[in-house]
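Paired with chain B in one complex and with chain C in the other, chain A is shared by the two complexes that follow.
For the complex of A and B:
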């Protein structure tokens, strides 16, 4: 019993840390990106990441229903990661289509002079007095990595909550609780970013990731303890939450 | 036409005596509204046997408090947008609500005194989420961590945690009529109503400031919109309650919601029209006169 509780707690903490990391990896443009004057997708961190993570939860819950009892934790978590990666990939791809063919801009980074993946020079393509445009290659790869990390984290929380060998919540309870924990972590990370970020190559990433993960650890531990209390009491009261 | 005019007149007569109180919120400043809503929210939350109508009023007061806390927190520009704050409140609320319901369905979580259920257990969820909100507010504002330097962020986040949890608890108790987990699960969670609860409560908290945000934002006007969305939430919950419990519980809630919606929508529009420098109607909304 104690091992199960500890395992659920640890999985919630790992999931929370991964979701915080995911938000830091997103190419977030915020309001300036809506006018193509900043790199990234034109919305806030939380909205972008929640969309991806909820898609991941859908694929994870579908895959988890393939097993009658005891779903395979790693497979379900990976399927959540794949769903999340697909969603964020489509978002960035369609965003780029609109930026390139609709607004007529060249995707380029505003924070680094050379793209760390393709080694292409960026500064020539940046319009003066803007902060980059569109989703360049490095940001795209970073976003896909973020989708993997966030989807894996969210689905990991979901699967340990839904699995009958661990917490044994009902599908709906597990889904909504996984989303609640995910959102709490994503918003602390968004506070930490404070506006826009391009991805792992952004200097902001290196400067702030440690603080973000520390805060996420504290919030995840608290959320995990609260959920373990719910699990203990729920099991005593009715068997299945 | 004649009937409509009479109806319009009736509404205006009904509205006029209350208008001064509604538009000002002077007495209920931020602290007084918080204390008032906390007490009302806790009283409504721990008595799951109350009629849905009264719980609906309690829910609106709690959502109003949530909207006020979002206003307090998001006024300074967080860099993440106002909607994320409302969603944060409900993310906290879902975690706390589930825990509160689980504790309340234990044998010591609910006392029965003279046939009246008193679910003290839900307060465990509220207290834990107050702690979580306070800690995350400190993390966001503390010198050693994110250091956002926003005045009152700790208090705002604590209030958001409490208001979100109380909203989830009250709405669950409206729909299922009790906190027993065997009843709550089929009525409020497994059929997906919890997702509706999540988003309507988040909207009642985030939408007012998100709409009214700007240089001339006035607290009284912003909060009118929260009550209006509380009315819409009551209508939706009333429909669900009619299906899960009975029409006796559900229909009064729908009527309450409809009345609140109409009255406060009109009050909000009036406040906007009066306080605007100039208004030019496009003809889409009849109140603007085309």
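For the complex of A and C:
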């Protein structure tokens, strides 16, 4: 019993940390990106990452139901990771289609002079008095990695909560709890970022990731302890929904 | 017909509904001026730009649509439970009624939000135009209804896919309202991330030079006049319906299509509903196909980026 509780706690902490890492990896442009005044996806961190994570959660729930009992934790978590990755990938791709063909704008970074992946120069393509625009390749790859990380974290929490071998919550309860832990971590990460971020190549990423992960660790431990208490007392066993 | 063929057919219906849902979600957010470009509508009176745009930002689009869709899903499930004796045809009543209630609640929130925000702009001499208020509520409610009814239908199909297609285990285990919450959040997040660009970058600043990012000094200086007379948010929808809306629908449609497609292909390769059913193999195939799609997406994104750099060239001007 102790081993199971510890394993659930550790998985929730890992899931929470991955969720926080995911939000920091996202190329989030927020409201300015909708006016092509900042590089990244034109919405807020929490909104975007939650949308991606729940898409992964949907696939993870379908894949978890392949097994009558005891779903394979790694395969379910990977299915969720790929689901989130595809959601972010298509969103960034279509966003770029609108920037390029709808507004005639070249995607470029506002924070680095050279794209670290393609080695393309960025400065001369940037509109003056903007912080870049569109989703350049480095940000795209960062977003894909962020989607993978966040989807894996969210789906890992879900599968551990729903599995007969671990918490044994009902599917709906496990889904809601996983979403809640994910959103708590995403909001903390959004506060840490404080505005826009372009991805792993953004100087902001290196400067703030440690603080973000430390805060996420605290939040995830708190969430994990609550889940462990719920398991010990049987409050959510079998589910409340 | 073979159950697996039926499964693919339902998957295509779901993808089509997703396309329609996200397109109307984006157009509704354009009519109401919700989400990210709302910052410009909000800023305009402070810059001396008195306008006739509808000004609502109930919350982020994701949360707003999650609420509408969850209300719809909950009402639909209650009706389905009440009419259990009627059978599956009860869905023909339950889904539209649920969506209608969700849209009405959305319309109420829109009206309160617009009036509240415009009232706060009194200090900048921005009037509350009653014709703008009345004239936009119906398009907001109808566009929202179409988005919500499609999401509720998707959730209904997915939670009953096993029965509808005849493939055991194809149904999603989540209950109808939770599926509505999931897809509501996703449809709002995508509408906010993609469609808003066409409105915020192009339509709201149509009198500024084409092909450049909107400089910070332009912020708040929105385009207030159309081809004939003063522009309202309804004119925004007419413009964005030609590109931003369908592109946003395409994004969500492709996500739902490929998410379901790779899962179904994985199930098929894992020996669906047969004696040789291997869940690990099915999941592994789904993951593998998904990774291949992601790699293709990165290559496509790089290709269009290179194309744009070569075609448009470096920034010219001051």
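Just so we're on the same page, the second predicted complex is superposed on the first by the 234 of 241 C-alpha atoms of A that agree within 3 Å, B and C clash if a C-alpha of one lies under 4 Å from a C-alpha of the other, contacts with A are read in each partner's own complex, and residues count from 1 in each chain.
Going forward, a residue touches a chain if its C-beta (ideal position, glycine included) is under 8 Å from a C-beta of that chain, and two chains touch if they have at least 3 such contacts.
Quantities reported herein were computed from a predicted structural model and do not represent experimental measurements.
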State whether chain B and chain C clash or fit side by side on chain A once the two structures are superposed.
clash
Taking the superposition on A as described, I'd like to know which of chain B and chain C A:66 touches: first, second, both or neither.
second
Counting only touches as set out at the top, which of chain B and chain C does A:177 meet: first, second, both, neither?
first
Name the contact category of A:47: first (chain B only), second (chain C only), both, or neither.
both
Just chain B (first), just chain C (second), both, or neither: which does A:10 touch?
neither
Name the contact category of A:89: first (chain B only), second (chain C only), both, or neither.
second
Return first, second, both or neither, reflecting whether A:113 touches chain B, chain C, both chains, or no partner chain.
neither
Name the chain, either chain B or chain C, that contacts more residues of chain A.
C
Between chain B (first) and chain C (second), which, if any, makes contact with A:229: first, second, both or neither?
first
Could you tell me if A:55 is touching chain B, chain C, both of them or neither one (first, second, both, neither)?
second
Based on the superposition described at the top, state which of 130-138, 238-246 or 274-282 belonging to chain C clashes with chain B.
130-138
On chain A, what residues does chain B touch that chain C touches as well?
30, 43-44, 46-47, 50, 171-172, 176, 241
Sort out for me which residues of chain A touch chain C in the complex.
30-31, 33-37, 41-44, 46-48, 50-52, 54-55, 57-59, 61-67, 71-72, 75-76, 78-79, 82-83, 85-87, 89-107, 118, 120, 124-130, 132-137, 140-141, 144, 171-172, 175-176, 241
Please output the residues of chain B touching chain A within their complex, sorted ascending.
78-81, 83-85, 87-88, 90-96, 98-99, 102-103, 105-107, 109, 124-125, 128-129, 131-132, 135-136, 139-140, 145-146, 148, 180-182, 185, 189-192, 194-195, 198
Can you list the chain A residues touching chain B in their complex?
30, 43-47, 50, 170-173, 176-177, 179-184, 187-188, 190-195, 211-212, 214-215, 218-219, 222-223, 226-227, 229-231, 233-234, 236-238, 240-241
Per the touch rule, the chain C residues reaching chain A in their complex are 35-37, 39-40, 60-63, 169, 171-175, 178-179, 181-183, 185-186, 188-190, 192-202, 204-205, 210-219, 243-244, 247-248, 250-251, 254-255, 258-259, 262-263, 267, 270, 279-280, 282-284, 286-287, 290-291, 293-294, 297-298, 300-302, 304-305, 307-309, 312, 314-315, 318
